[in-house]
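In the two assemblies presented below, chain A is common to both, partnered first by chain B and then by chain C.
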Partner chain A sequence: MTKRIAETILLYGFIGIGTTLGLAFLAAPSVSINAFESPNAQRIFYWHVPAAWAAFIAFGFLFVGSAMWFFKRSNAGWRMHVAGAEAGLATGLMTVWSGMVWGAAEWGVPWDWTDVRLNTFGLLTFLALFLVLGRQSQPDGVETRDTFSSFGLFGFVLVPVTYVATRLWQIRHPGPVIGGGEEGSLNSEMGLILLVGAISFTLFIIGHMLMSMRITSLEQRLESIQEAMDKV
Partner chain B sequence: MAEEMTFLAVAYLGMLIAIGLWTWTVFSRSNDLEQRIEAVEQSMQTNHSNEE
Partner chain C sequence: MSEVLLSLNGVSVRRGSSNVLKNLDLEVSGGQLVLLNDKNGGGKSTIIEAAAGIHPLETGEIRHHGNVILDSSGRSKQPQLAFGLTLQSDGCIGSQRVEEHILNALDVVGGRIQIDTWLERYNLTHRRHDLISHLSGGQRRKVAMLAGILPGFVGETPRLLFLDEPAAGLDEDARTALVEDLQHLRERGNCILLASHHSDFNACATHIFRDNELNVNDSNTSNVHEMVDIKTTSSQSGVVFRTGLALNQRTLSTLASNGIAGFLTLGMLLALVDSSAIDSNLIQASGLFLSAAFAAGLVGDSMVAMLHEHRALDWWKAHRQGIPNSYLHALILGAGLTALTQLGYDQDISWIIVTIGGLLTVSTMFVIRGIDLATSRLARPRAAFTRILTPILILPFALFVQWITDSNLL
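Right, the complex of A and B next:
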């Protein structure tokens, strides 16, 4: 039943993402050619912002799961940690990739090593990469889980830093478009497409995390059956 | 202008294909594990009934 729910949520999310991209390409209003070097590349924003939103959901999931494992020794918490790390890596890469595509078109360079927002988000993605690869290379056990959970707990500090980075140090990454005061105003059509994107990416990443939790549970079940067989 | 739209379309398609592939690997991992568990459980049942 959970599998069906996860699959359904994921499917709706995927369709929604496709719809968002279609709307961004065909229906989103154009921006002023004076305000941007590459006005059409700005349409990547309808992918980039919802992907970053989904990444923050995934890192929140990772943080809660890490805390549940670290303080309560909860197996469900560990499954949340694994799902959050995998989803954080995927959405982090989506955000970084789309940002680099836009940066290459608008700034002439895909990355700016002096920009705080870019670097803290890049570090978050590397943290997720470390957690995913680290888990695959280490035998499962309490010590391994404790180590990776502590990284999940402390690494979460980068999330609020990333969020406030463009408010405190606006270097190259544009300022906030939502919740940023008068400067961050979007017209209603842009806001609507962005909302469709945010809802779609949220559904997509929740579906993925549910599927990932299920996979971890199946892996643990298979391992315990094999251990039982070895004992016989 | 047309070149920019082509660039954007390629980027969009690439990203859609990437998340499609990721989703497909997740589904195939899940199905593979289910089949393995089913096979192991069946083999355990067979062994158990043979012993009886």
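Right, the complex of A and C next:
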């Protein structure tokens, strides 16, 4: 059972995400046509915001893992770094892609180079892409781990910048939905669906990262066995 | 008893997935030549490079002349007295001339000597103005070796000399000359750490380091030589800047890589954006005029790629006096591209925007170069997809253009 825990959590996450999508299309209340240019496209919100939430968890994981490797030389920290980067890339792409579709419908443009939150979040996703592709291009070793974990540490600066971006430079993005005070309040039905989405994406990201950590651990075992066989 | 010039205290170094050095303690005094002749993979090069401060330490510290230059917490200091260094991979740039590299090594230590004698001695006089890339492997090794030993003849104060396989590929005459030179250097009080399997060095080594043990070399047959007076003249300042300038002028690398990106961007802008659109609200003129300069900067510093040749980057980094760059050429290129863009759109040249264009190319290049240097420790730095991070500069560029527009600088 313990060996299947990651798969089980991931499965619950997928079911929850499917449920969120169903609720978003079938049960979520319609928004005012006066408040939105494209009211139907607003339903992307139930995918976009939980995906962004999950991405922040993944980037947090990436940061903690990077710090654990960089300062403590912890192998578990490196596995967290790898898992956080992969999960951050997956959920970051989900957020950026859904945001571009919504932006095209609501703003008339899929991307705005002067919107700080949009760009800092895009950069976080690019950072995750760099960490994933870059790591795969290098043999595993202390130089590889030091370099990529230092990028992971620097990249985390973008997380608080992304969160507060709409408070400092509100151009197109609305204020924070979570922890945004009066401005960010939602009605109860919308809030409930969003909560289901947030829990589902959280389960998805945890399952994803547990699986990724297990794969990295197996890779490390394989490498040490190969090294031992080289010496025979 | 001479003063201890080099100390490695509890030094551990990891490379790849293995611990190459573990809690190594080594002290070498002035006038000693320690020969590292462990078997292959025993960590000889790692000891030399760790002693030169090239590798980060897992534990311990490195001291030169009693002062810490690197410790395990990552603190790094420029040594008070620069050292001589020959890396196993030469550490010289193919586009440099023979004489330039040797003089650079002398300028780095802060004094020059007449190098003609040594060029003659190692049969390099007829090659002194040749590019290093035009030399044979053995000749290139001689240049790298001279850059490592000649600093020991500069001034009266004994120095540290780190020589990794200095005789690899050298003919017998050159090896004999090298053993004599090492003997002279030792007698001048220099402290020499030398890695080699050649038995020739048994004649001049005072100690042999093998299997983590330092033993006195009983087979040292060297005799005391008559001290030769070598006159030291002052060095030329700005060695890092001069090297970057000379390499850029010789290879035109900034024009060839950054310039092409800028000119292509300019060409596309002129082909796609109608000049009448500049007056409309859709186009921010400053963004249009600065795009070519920005694209040129995004290519990064071509000097970094050049320095990856034969690990020249490590040679420069070890001396901690800066790394050659292309900033001056980037400034001129960025300013020129911005002026050309304005002329291309039949606009009057705004010198403020031209200056901003030059500075934009330099600052963009600076950031990309920083990212490239940050990944230089990787086993395959050029395969690390660093260009994925270039979008990090687009938001600041967009906000900057917005600021220029709002400030009515145009």
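Everything below uses one rule, namely that the second predicted complex is superposed on the first by the 229 of 232 C-alpha atoms of A that agree within 3 Å, B and C clash if a C-alpha of one lies under 4 Å from a C-alpha of the other, contacts with A are read in each partner's own complex, and residues count from 1 in each chain.
Keep in mind that, in the parts below, contacts are C-beta pairs under 8 Å (C-beta built on N, C-alpha and C of every residue); 3 or more make two chains touch, one makes a residue touch a chain.
None of these values were measured; they are calculated from a predicted model.
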> First (chain B), second (chain C), both or neither: which does A:151 touch?
Replying inline: second
> Of the two partner chains, chain B (first) and chain C (second), which one does A:120 touch, if any: first, second, both, or neither?
Replying inline: second
>> Quick one: is A:71 in contact with chain B, with chain C, with both, or with neither? Answer first, second, both or neither.
In response: neither
> Looking at the overlay, does A:129 come into contact with chain B only (first), chain C only (second), both, or neither?
Replying inline: second
>> Which partner chains sit in contact with A:137 here, chain B, chain C, both or neither? Use first/second/both/neither.
In response: second
> Comparing chain C with chain B, which touches more residues belonging to chain A?
Replying inline: B
>> Is A:227 touching anything from chain B or chain C once the two structures are fitted on A? First, second, both or neither.
In response: second
> Which residues of chain A touch chain B in the complex?
Replying inline: 3, 7, 10, 14, 17-18, 21, 24-25, 38-41, 43-44, 47, 90, 94, 97-98, 101, 105, 204, 208, 211-212, 214-215, 218-219, 221-222, 225-226, 229
> Which part of chain B faces chain A closely enough to touch in the complex?
Replying inline: 1, 4-5, 7-9, 11-12, 15-16, 18-20, 22-23, 26-27, 29-30, 33-34, 36-37, 40-41, 44
> Which part of chain A faces chain C closely enough to touch in the complex?
Replying inline: 73, 113-114, 116, 119-120, 122-123, 126-127, 129-130, 133-134, 137-144, 146-147, 150-151, 223, 227
>> Give the list of chain C residues in touch with chain A in this complex.
In response: 14-17, 56, 58, 374-375, 377-380, 383-386, 388-389, 391-392, 394-395, 398-399, 402
